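Shared chain: chain A. Partners: chain B in the first complex, chain C in the second.
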Partner chain A sequence: MSEHRALNRRVVTLPFMLLGVLFLIALYYLGVRFVNGMGFVTNLNGGYAWGLWVVYDIVIGTALACGGYALAVVVYVANKGKYHPLMRPALLASLLGYGLGGLGAFIDMGRYWQFYNILLPWHMNFNAVMLEVGLCVAAYILVLLIEFAPVALEKFGNTNLRQKLNKVLFFFIALGVLLPTMHQSSLGSMLIAMGHKVHPLWQTLYLQPLLAVLTAFTMGFAVVVFEASLSSVGFGRPSETPLLSGLGKAIVGLIAVYLLFRFGEVVVQGKLGLLFAGDLGSLMFLLESALFIYPMVVLMSPGARSNSRLLLWSAVSMLFAGSLYRLNAFLLTYNPGPGYSYFPSVPEIMVTLGLVALEVMVFLYVVKRFPVLHGEKRA
Partner chain B sequence: MAENDFDFSGLEKRLGVSRRTFLKFCTGVAASLGLSSNAAMAMAKAVADPKRRPPVIWLHGQECTGPTEALLRCEQPTLEHLLLDLISLDYHQTLDTGAGHQVEEIKKRSMQENKGKYLLVIEGAIPVKDNGIYCKIAGETMLHLTHEAAEHAAAIVAYGSCASWGGVQAAAPNPTGAKGAPQVLEGKTVVTIPGCPPNPANFIGTVLYFVTYGKLPPIDELGRPKWAYGRLIHENCYRRPHFDAGRFATEFGDKGHREGWCLYKMGCKGPETYNNCPSLEFNNLGGGVWPVGVGHPCFGCSEGGVGFNKPMFALADVKTHTPPNMFPPIEDRQQSSGVTAGAAALVGVAVGAALGASAMVTKKLGEQEKQQD
Partner chain C sequence: MKRRDFLKASISGAATLCSGGALARPNLEPAPNAVGMLYDSTLCVGCKACVSKCKEVNGMPAVIEGDWYSWDSARDLSSDTLNVIKVYREGEAEVKDRVENGFAFEKRSCMHCVDPGCISVCPVTALRKDAINGIVTYHADACIGCRTCMTGCPYNVPQFDYDNPFGEIHKCQMCNQAGVERINKGQITGCAEACPTGATLFGTREALLQEARRRMSLKPGEIYSYPRGDVSKPHSLYEKPAPEYQQHIWGEKEAGGTNVLHISAIPFDKLGMPPLRERSYASISETVQHTIYNYMALPAVVLGGLTYVVRRNINDDEGDKS
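Up next is the complex of A and B:
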């Protein structure tokens, strides 16, 4: 039998109902959006065609959903089997994050009824980075579903199909490593296409894909730490700290490489002066860098790595750092020209919050009803 | 041979253009065909090397000589020179200096000498009713001449709508039974370059491809080169955004027409006509010189069953998806309503909740650790 077990607890709890309320509010605004159009609910305008929905739900949301990707690289590529217990919850979070990313893209699409055209080969523009992201994310959602399928099959006791699936699963695991590398780097390439509208501190024509994939990868590790800490407290489960501290080490290395390229680019391109300009761009850059540097410095010492609280705060700092990096580049310091301004409207924020609430609700339900969390007792 | 070593001086003299202009032209043609810059160089060499000039037999049937006229009036750097330099035009009823039995003799001799090597270009429709007696050249029917010339041709190109599918001659009631070359020459591969008149760039690109690679470019089931006729006019039309947004001109000179809106409701056949007019335009003048560009609906001149068949103001049968009947209004917003108190508070609450939850979890993690100690 599997070492994974369902939690078998009550699903409808008070927090669950509160999340449900948030989701219902989002549903209401989504109804308005589909009946009356985008203009009724969002603050998008001619200069800011991408607002909170794209930047949070897709760009940041899929990066936050990189836990499955980062762990897959560690477990299957680097062959560190001891991290396998963390795999299933990470995969679930990835599946939900990407699923809602896809949903977010659909919601944000002005002419959503033309959505299917991206799948028709004769309508494809193979030079478009958008096509790469769209198809790759869609393919990855399918791959995640297949990777997660053994959990459902285990629950419903279909061992025959499970054995068959296990024989070909290696192929999908390989895809599950390849696809995020492709589209997470392409999400960075989108900034290249935006040219001068992107603040010089965030615009680089050469490193955009690398920076995007590095931060997504690091956020993947951070989100595994975050999620494991939360479920250990929330469900009163044994602490996973010994395992997580190993991931902390990986985070340090990745952030170091990232900062080397990030600052190296700024120095080589002669943009160091912008750092001290004292405007929004420079302040945001400094704040963002501080959020990156904090986890790196803290997690450098083995003592801090085995401290569950410092580990969690480092992960949170890393998550904010990666999110802020994307938010800065795509929205906060983004300048589409004179006369344009954007701040998300209340309905926009409520829809995003509602979708996140839905994600958490589904996560809680699946964890309580399906064998996702590792059952073994560890001290 | 390195590319830079190649000697273009002979060509410069013959064509009267600089090497630079010539290479630019070849690159342009290669790019419209969707080929790489290597292909441009290969084309340039093929043109510069006179040994490889294929002999061409050019037949005229029922037509107005529009395709040839369009070719001759081309503004591209000496395009007609290039074409005449690229091929050995052994027989062409409009351009031949000689006349009568003399040119017919030359044609027969050329076809005999170059058996299986010459390029056959057909311009104009071929009447088949009453054994084709409605179009005769030098006492022979066009029907017979076509079959005769096609017999040993290396490749056959039908140039213009008449040769491609019958054109205006084949329009109802079609008294002479006019047909296009592919219908007459069943079983043979005929490349069609439809259009009334056809874009000379589509012809020259196809011929350059043939001369360079010795084979025909990829074609669709109607024989049209895919590089030129692979997309609907509608797909690359610069009025397309108006179509999608539901902004239509409804009569000549109305507000929509003056503002350059979509001409679909005036009977534009762009949504069912395959051609590259929106990207190449016409006569190399630039500035939107092609029917839709100057405010006239496309009438589907290059599409069999549309041009000369459908009434001018009949609605096109949209091959891509149709837009809904109702559109939400499009606001030209510059500013959003700015930061509202509610929105700012919500963002604060969301970020605060994330941090607060982390703090709570930290506290509990600490308690857990104490218990374990």
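Up next is the complex of A and C:
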């Protein structure tokens, strides 16, 4: 009945076990973190309150998990039903990416046993961007679970519940477009209050929410293209290039708008000189911009859009571009003032790697046991 | 048609967003009876009696870094140090309060901002400003440990205790936290009480600003009667020729102003003060946030539009398939 089917292959493979080892290492360091304190595993300090865990697991990780968001806009808002076959894997990746973000936030939370305070109205501070991010990310994880529920219901053959859910699913799909727009833009707004600590090339004040949501969008599209191309290579499935090339057009437009605002702000605010300062900030800005410009230029040509290799390279470039934009703003060029420096410790890196490994393991398990990937005949 | 509907919704949303400019939130104003401190770098001799007294009042251990110390050698703020004296050194460091080949002292502790970044960014209201005396306090029972306050403070004042599995944020609460309450009892802050030269003075923000302005107007070498302790009722005074002050009262205007004011003979950027404009970043952040989320009207309108469009598109799809 469904056009989706499980891959029905062995789950426990050698790569799966290697990922498991990475996850076990992370578990060990997490034990130390919860028993002794964060100082025993991280290099966080008085100037750098946020390190790898916040900036990768939450700020970058949730943007990498915007595939479901970007595709939902294309399929349900712009009404391009032909992209529907990509929806389920994108949703699954989003659910796992956001789940990882939520887990990362909990691990990084210094007083995690009181996390529920953020849900209590008498504690809420409606001026705080962090409140919006926290509540909205939590709500979106629930929405993703509901959006993905038909997959599980299909597997367990609960048609009755599935039909009921299908009747109201449109509302959750709409929420699933609204909520990421809200919290992804807010992730950018968080930089405003950090003021002078954010490098002038990244401190765009009123433009922060727009630039954040635009880059989240490009990353969402990139991850869809990336996953679809990779799964056709990795699982030897037929290529979905004809579908993906249409997304390429949208990507060109998105990046063009982004670059217009990004460079427009730099010019209008008289910060052009900083581009050629020859320091870390200027270097990173140029690298980041090049990573955005490359896919835009490549995907402008129709020939390149139907070339799966070039599509893949463009997607990778965009993923690095969006990630670097966030990494630069929050960490690499972030300067709290004299006397402070930060580089993640080995345990910090191992925890992040282990959590990503967990995410990949769950992804592999679900696509092999649940009807997620699109049936081969129609693809 | 469908796309046009969505565009319409988007445009009306954008219009709401733009008209929201009227919601711009200006800097906050000082509390009616704001109390604070005036730190005069030229009077400070670097004895660190204030550091020691602060630890006594707050029940914190001495921090020993390096071999050369008297009672405390903390180099920066931490979860065990809420107040610290730092040194500016240049070249030979021969003459006090001189930029070249000179040295100077600078106090680091919570500035008790008039428009505090830490309060604006805290999602759970764990940081609060007293409505009367303007003191910025921390409440561990509300705090979730996200440390956004640390990123939102221009001075890196809030410090999380990373070495404690159940750590909390530590910052100067002007000796007025529950259980200490020196200000409520009519006493002055520990550091101002301990300061032998009056480099740290306690008082209302208004009285301290007046005192700072008087010092700005002194001619170098002019004899001035410097108070110790409380600026309004000093426990003693001493006469001393005035130094050549920078014509700059730090905290009068920076990012909306602070209740702790600093004056000095060398420029503040040399003393490690951050580059701040008059508008607080908190006010910009809140303007953006309240423009987008004013009564949740914009998200509600967008959700309505999205629900309508998505529902119709789904029904279309089902029609295609059957």
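Basically, the second predicted complex is superposed on the first by the 376 of 379 C-alpha atoms of A that agree within 3 Å, B and C clash if a C-alpha of one lies under 4 Å from a C-alpha of the other, contacts with A are read in each partner's own complex, and residues count from 1 in each chain.
The rule is simple: a contact is a pair of C-beta atoms (placed from the backbone, for glycine too) under 8 Å apart; a residue touches a chain by one contact, two chains touch by 3 or more.
These numbers were taken from a predicted model, which means no experiment stands behind them.
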| item | value |
| --- | --- |
| Chain C versus chain B on the shared chain A, clash or fit after superposition | clash |
| Dominant contact partner of chain A by residue count, chain C or chain B | C |
| Partner chain(s) touched by A:205 [first = chain B, second = chain C, both, neither] | second |
| Which of chain B and chain C A:8 touches, first, second, both or neither | neither |
| Which of chain B and chain C A:308 touches, first, second, both or neither | first |
| Partner chain(s) touched by A:160 [first = chain B, second = chain C, both, neither] | neither |
| Touching partner for A:346 - first (chain B), second (chain C), both, neither | first |
| First (chain B), second (chain C), both or neither touched by A:111 | both |
| Contacts of A:76 with chain B and chain C, given as first, second, both or neither | second |
| Which of chain B and chain C A:39 touches, first, second, both or neither | both |
| Colliding stretch - chain C into chain B, listed as 2-10, 20-28, 38-46 or 128-136 | 128-136 |
| Intersection of chain A interface sets (partners chain B, chain C) | 36-37, 39, 44-47, 111, 113-114, 117, 339-340 |
| Interface residues, chain A side, partner chain C - complex | 34-40, 42, 44-47, 49-50, 75-79, 81, 84, 105, 108-115, 117-118, 123-132, 134, 169-171, 173-175, 177-178, 181-182, 185-186, 189-190, 192-197, 205-206, 208-209, 336-340 |
| Chain B to chain A touching residues, read off their complex | 244, 321, 324, 328-329, 331-340, 342-344, 346-347, 350, 354-355, 357-358, 361-362, 364-366, 368-369, 372 |
| Chain B-facing residues of chain A, complex | 36-37, 39, 43-48, 111, 113-114, 117, 229-230, 232-234, 239, 308-309, 312-313, 316, 339-346, 348-350, 353, 379 |
| Chain C residues within the chain A interface of the complex | 2-3, 6, 75-78, 117, 119-125, 140-148, 150-152, 154, 156, 159-169, 255, 272, 274-276, 281-282, 284-286, 288-290, 292-293, 299, 302-303, 306-307, 309-311, 313-314, 316-317, 320 |
